[in-house]
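Next come two complexes built around subunit A: one with subunit B, the other with subunit C.
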Partner chain A sequence: MIEFRKDLFADERDDNLNEVGQPTRRQDILGHVTGRSPFFDDHQFDGLTHLKCVRSPHHRARIRHVDTSAAERMPGVHRVLTERDIPVNRNTLLALINFGKDDEPVLASGQVNYVGDPVVAVIADTERQARDACAAVRVDYEVLPHVLDPEEALLPDAPVVNETYPNNSFDYHEKYDHQKLRFGDVQSAFATADKIVEARYQMSPIEHAPTETNGCIAVAETNDRIACYTSTQALFFSLGTVAKVLDISTARLHFVGGTVGGGFGGKVDTVVEPLAILGCLLTGRPVRFVYDRQEEMQVSSPRGAERWYIKDGVMNDGRIVAREFRGYFDGGAYTRLSSYAVIKGTAHLPGPYTIPNVSSNVYGVYTNRTPASAMRGFGITGVDFAIECQMDRVAEAVGMDPVELRLLNAYRDGDMKAHRREAKNCALIECMQVAAEKSGWAISDEFKKLSSLSGGGGERAIIPHTVTDEHGKIGSSRAPGNTIPGSGYQPAAAPSLAAAASTTYTAAPAASPMPASAPAPTHAPVSSQPPATQAPPSRTPVRPGASSAPGGTVNADSATRPATPPPSAPASRPATSARPRNNNRFSSLFGTRRR
Partner chain B sequence: MTMHSGRGFAAINYPIGMNLGGDPSQALVHSNPDGKFMVTLSSIDLGQGMKSVTRQIAAEALGIPVEDVYVDTADSDTGPHCMGSFASRGTHRVGNAVIAAATEARGVMLDAAAEELEVNPEDLETDGRGNIHVKGAPSRSITSAEACGAAQFKQGKTVSGRGIFLIPTSDVNPETGEMTPVSCFAHAALVVDIEVDDETGEVLVKDMQSAYEVGRALNPKLVEQQLIGGAWMGMSHALYETTEPHYPERDNGPVDFNEYLMPGPGNVVPHHISVLERPAPDAPFGGKGPGEMCANPVLPAMANAVYNAVGVRVDELPITPEKILRGIKANGGARPQGRPGQH
Partner chain C sequence: MSINSLVCSSATEAARLLGSNPRARYFGGGTLVMRAINEGDQSFDTIIRINDPELTQMQIAGNRLVIGAGVTMSALLRHRDAGFLHAAARSVGGPAIRHMATVGGNLFAQSPYGDFATALLALDAEVIVADGSRMALVDFLARRNPSSGPTPVVTQVSVNRPASAGDFWFLKVSRVKPKGISVMSFAAHLPRAANQLQQVRVAVGAMAPTPVRMLSVEQALEGHALDAASIEAAARVALEGLTPPTDAIATSWYRSEVAPVHLKRLLTGAMR
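== the complex of A and B ==
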């Protein structure tokens, strides 16, 4: 079932260690398997009370009036909390590392922005009493238009999801409505590529589904302190967040975590602790706030949805010479950690391959859905799905074995990554070789001989002349007349995109069948997508009096920059072979050449 | 009804630690006079084995048996600061902090032993079994318990150490995206074999064969546990899971485990794992965190296998029977692509 390939990289490893490398039994396993490990909910306190929330039934609505009087008179009710009780009712998780603006209330203030947005919290002797009292709270809503599709959210007429970010996208560097990655010149490389391969990928939200739902118990300690037994994955993160929104000293907070019944990233958000601790402060009673399964499924943040458009320029021999991304992280109604995923995802592009021209625009978008947050593989899982499906598409387009195509393009020690740091400690090639060998997936001898340790660097370490642009400044995509979501400028030759963007994605067929008998692709995009969902054919800004030709490149400062040198294989290079031969060395700048 | 065999491949790498750095973790290590060491953290053990891995790292760095080390964590009153258990940062960040703390504590322990043995501390080494002896002269030795007892009762020394690991925060260039995201990467490649039923659209996963590169398997059993569980999660993500089955519409969202689909124990398939270890220079004994990345290759490998089986590209996760059937219908029938890798 499992083998350790100690033969690989053996000279980089000292295997004569005493304790490291031993299959030592876990310190805590006996407690786990005998049911004795204490979880937060195993702490029992006299007079324990229970907290439940009244939640929005609407995607987006103005709160006209909240009437809690009946709920306050219900049996067992100790306290009803509304936004007026929260000392600092605006926070963002990453404020603790000075990233982003405070945008999320603990309890809704004037407006709800997703189904499940908490409006009122009730503390009662039993969970049942708390639920009954929640049902007795009267909230008068004025239902407002909402937006659920991330690309629709970036259109000028889309409702504002989050007033802190009125453009429905996270602000990057106080300048752009997205994070840019620019390396080389993708447009020129597309023009000289043998084939263009384009596709659109999407991942729906995914639940962490921990056995133990998000929860905590807050209880008064001596010396005016509050202890909080919690399922958090990040003890001091949660402690700092609570101190901020409740405006109390961290010295008054004692957080106890430990054994967690499944996290997977879903217990970083600190959504239960602030209300439980506030309830404890206001009532003097121990307060337990635990999500039920329905809340865990639909209210606790999921792995957010992502949508990616990838366009590759590839030579007939399988070398990918240009790769362009447009990505949308659907953050839901509030930022939480999605802003971070955008940058982490950007750093990951173009995947573990050395591609000489890479460009991406990645957006953190607000929509009227449950705020998304971290989950196992955060920022990477969705785009890895897109990249690795795309690699198979590219392999098919050039008639190459998909494993060999990946090996040909794989990154190696010394290569320059698109985020401009040298690759080191690589092992992608070896993983592929081992997986292919053990599964009987035949690859040619030349690919069996490749190594992460050799063939990298040199020309592959050069940072190419890079075309930059200033498109997508904050607010530009929502400017009147803009019709390409997120682009910040008008299409040159896509007059139907406006209508398509507002209708296509919900109506698109669930599957994107690609005919198996498709003829060998030529320069035409290899794409199974309806035309309206393809990447815009041109991103040339419309200037008064300027004619913008389709396929033109975007280069706002082209007038001040020297002409871009050819980034990819010279046209004279014969592209007759679908597979490189022995002794060919991949060069990211000048194509394959003989050693 | 026909069952079509399909085989798919994917390869990935994964960044270890919080993107852009700026995420410190601390560790404290101290010994009792009987030579039993306590590692104090505030990091969270999510079931991944954080406590066990840091315990082994501490024992290795101290040069004493793992039985003499215990890890206490997750109390903000006693544990020093840690950003938390996420972003595959536990092993890398906390492990490095533990090495720093354990190394400092070891230094005091060797000083105490040297004073008792009347030698230079530089001439001492540990045997990993609780003894400290003069290099090349194993008979001139003292136990770690005796050294720690002497430090406490005779010499007035604290056998203790402090550790922190911090990668300074990296800037991000707004124009080019230039940045220093992380310092090391884990790797994986995976082959999945499936069968697709062209009448129901259901996918039956038969077998997975993978290679995961983890830097160093600090505890091979914990690595195995993570890789098996993570690949299972990847399979589940690929074929079943979503809170919004009609995304971007929000209707029909599941609210419990009757509606939120995941493969059951009967769907756990044989998974043949090869572990590669290329130590990362700045990782604790080279170990990278395998926890997050192990799910990632399964999703695209599954989509590629479905295409290989029936000629339908499902580009939207999860790969449900409905999407596969719609694709088969649009193609006018299943279009098997033939077993790959047969040249």
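== the complex of A and C ==
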């Protein structure tokens, strides 16, 4: 039963939308309920062959020798593929958008790095023949030590999981072994806070478990083209990846997809298409490569494991004045999308709460586990779980109702977020008030009266004096003598003053009204300032929207470079003023709220 | 190699073929063996089926009910004479599984499956195999092991018919309802004479490699009235002789903790 609370933000919304708020029929539902939606496996071809992989039984091992001779002689076998058959046997998904280095082979070359790492592929007339031939492949492994825990992987003597990233962590901005976020000065705020609340949270990998497992069928078309019927969620990523690893023109590939039998992010890695298409090119036969259920559970990439340490400085009245994160995304053996999960997770910190001092170090770590990738809100869900558990702990520590604590700290319109964007269109307060009302959770009148529209901005819009540092340069975790898990930045232990820099942003005061098209204010980048070893906290107010980080996250590196001019700044206005009509809180284009 | 499928017209022929081919597997309803085929189990390459309609019959013989090994759970659920087994049959899988899963096949289901066999065990079931010989189900299960020679072809299972509906109780404990896999399952046959329990049989599934009788519990109840004191005594010895497995459904510890509680609930339900 859906109830629309149209009384909230009524003056900001047009109610003349055709789809939002209206019952509607999914465009594909008729095909699904009548069994007529064409899935990739519904395509039948004469002479179809089947591909199965020989996979690593070890977490980490050197491959001494691969003997496929017996398998090649097995009945029904058309071809046995090894790493030598792959034209470009190294790839990373996000290389297509220039993010990260190629680190994952299609078939293992020289070493396997997780249980299930594919070593050899067999193409045969039936699935059973392919399996029987796989069983006849002899792989001589030299088992090597492995690491399965992200913090252990960052110790100096941990085995190297992935030769492309010999420090077992993804390289951020070609400078750091982690993604930084700095906003204000958490250490000073901890010193003045009434209470410190610290805890560790962790999440295990989660498999998407789609009804239709990952799979595709590659079949020769006319004009030297290959058609690939696939379950992928990322048709053009797959097309580009196959063209790259097989070193053929995209014009020779015809990808047919669109109906995914359950994806949830589990079908964005291009894992089955390259081998099936290569098999088709080499044998001339249609090749079907579908994960069986066990492969889907063991080998297809899950949501990665995460571990978070959160430290909060809290005042007795429930205001959170500082929050510090240390996070580890366990990417498994290869990058896939974990590098991006770290960036996305950092952009989400410190959660939907206005906290004047935030610091975060998040690591994308390699371990000898199944490579992790996308799954529904990945990068956010794990840390949100940690943040909301932490909010309950904070509420307990200060003796406050957990809903009221959240209401007190929630973002309001005009507040400055830790990544230096003004909070707009906030509705968390209203959502929680309605949720409390619906669930019969008693909150006091004072909190019932709170509104996202009032009380934000002003002091809360200030970008504080920010302490930055250069801890955790690439490779520093491998430095001899470093025995601290996480390598890094251990603020409580001993922040090096010499490396600390302070950034002061100067701009027009928050209250001064500016036209929407105002030229960007000048900022003083830190490079033009004398390096302050321990500058007194400067509370120079900053106009909301003055940002030095267009990407939504801020790291110390970007703060030291002359910043690009920010996008045109929104007009600031008294926080309580009613917005003009048509300044829509909800975008009619996407059905989501505008950012 | 592909899978060879052989269809026999009699159980004796099937038993002969199974005996002569160590790489053959008997295929009943297919809910276990078909899954193994789909998962690429390379330990067999031949399946043997029987199309003898005798296997799908059910008949009453005195105080016993004789059920053909090929009777499916849904067929049993349509049969009025098997009413006392309906709760157990309904606990097996979902409708699609019940439509295929057979009574005979359930005797071979590995823990934590095999809830129906648990119910049969509490009814003093006898297993009749292809050569006509009979064996108590308790012995059959104890000897059930693929490495101990060819698997016998079961043709029928014969069970006690409880004198009244209130004498037989079945409880399946699962975390997902209604189709979850067993954390454990209990079956209790509690015939009463002059308010005293006589010939008590209590069986439990998923608490050992096969369904087993709870002999200590039976002893604690035998000759007593079913009341709070005897139930308490039974719950105290619930774990005797059991080494619950740890699997994807529950840990051994968890099973040990909750088994007495669930047994008590079953018996308390029977008391009312």
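As a convention for this text, the second predicted complex is superposed on the first by the 482 of 595 C-alpha atoms of A that agree within 3 Å, B and C clash if a C-alpha of one lies under 4 Å from a C-alpha of the other, contacts with A are read in each partner's own complex, and residues count from 1 in each chain.
Note that a contact is a pair of C-beta atoms (placed from the backbone, for glycine too) under 8 Å apart; a residue touches a chain by one contact, two chains touch by 3 or more.
These figures come from a predicted structure and were not determined experimentally.
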Original post:
If you stack the two complexes on chain A, which partner ends up touching A:G440: first (subunit B), second (subunit C), both, or neither?
Top reply: first
Original post:
Regarding the shared-chain residue A:E127, is it in contact with subunit B (first), subunit C (second), both, or neither?
Top reply: second
Original post:
Does subunit B (first) or subunit C (second) touch A:V161, or do both, or does neither?
Top reply: neither
**OP:** Would you sort A:A135 into first (subunit B), second (subunit C), both or neither based on which partner it touches?
**Re:** second
**OP:** Kindly classify A:V342 by the partners it touches after superposition: subunit B alone (first), subunit C alone (second), both, or neither?
**Re:** neither
Original post:
More subunit A residues touched by subunit B or by subunit C?
Top reply: B
Original post:
Thinking of the overlay built on chain A, is A:P75 touched by subunit B (first), by subunit C (second), by both, or by neither?
Top reply: second
**OP:** May I ask you to decide whether A:R293 touches subunit B, subunit C, both, or neither, giving the answer as first, second, both or neither?
**Re:** both
Original post:
Thinking of the overlay built on chain A, is A:I355 touched by subunit B (first), by subunit C (second), by both, or by neither?
Top reply: neither
Original post:
If you stack the two complexes on chain A, which partner ends up touching A:V115: first (subunit B), second (subunit C), both, or neither?
Top reply: first
Original post:
For subunit A, which residues belong to both interfaces, subunit B and subunit C?
Top reply: 293-294
Original post:
Can you list the residues on subunit A that touch subunit C in the complex?
Top reply: 52, 75, 126-129, 131-132, 135, 292-294
**OP:** Provide the residue numbers of subunit C that touch subunit A in the complex, in ascending order.
**Re:** 1-3, 38-40, 42, 45
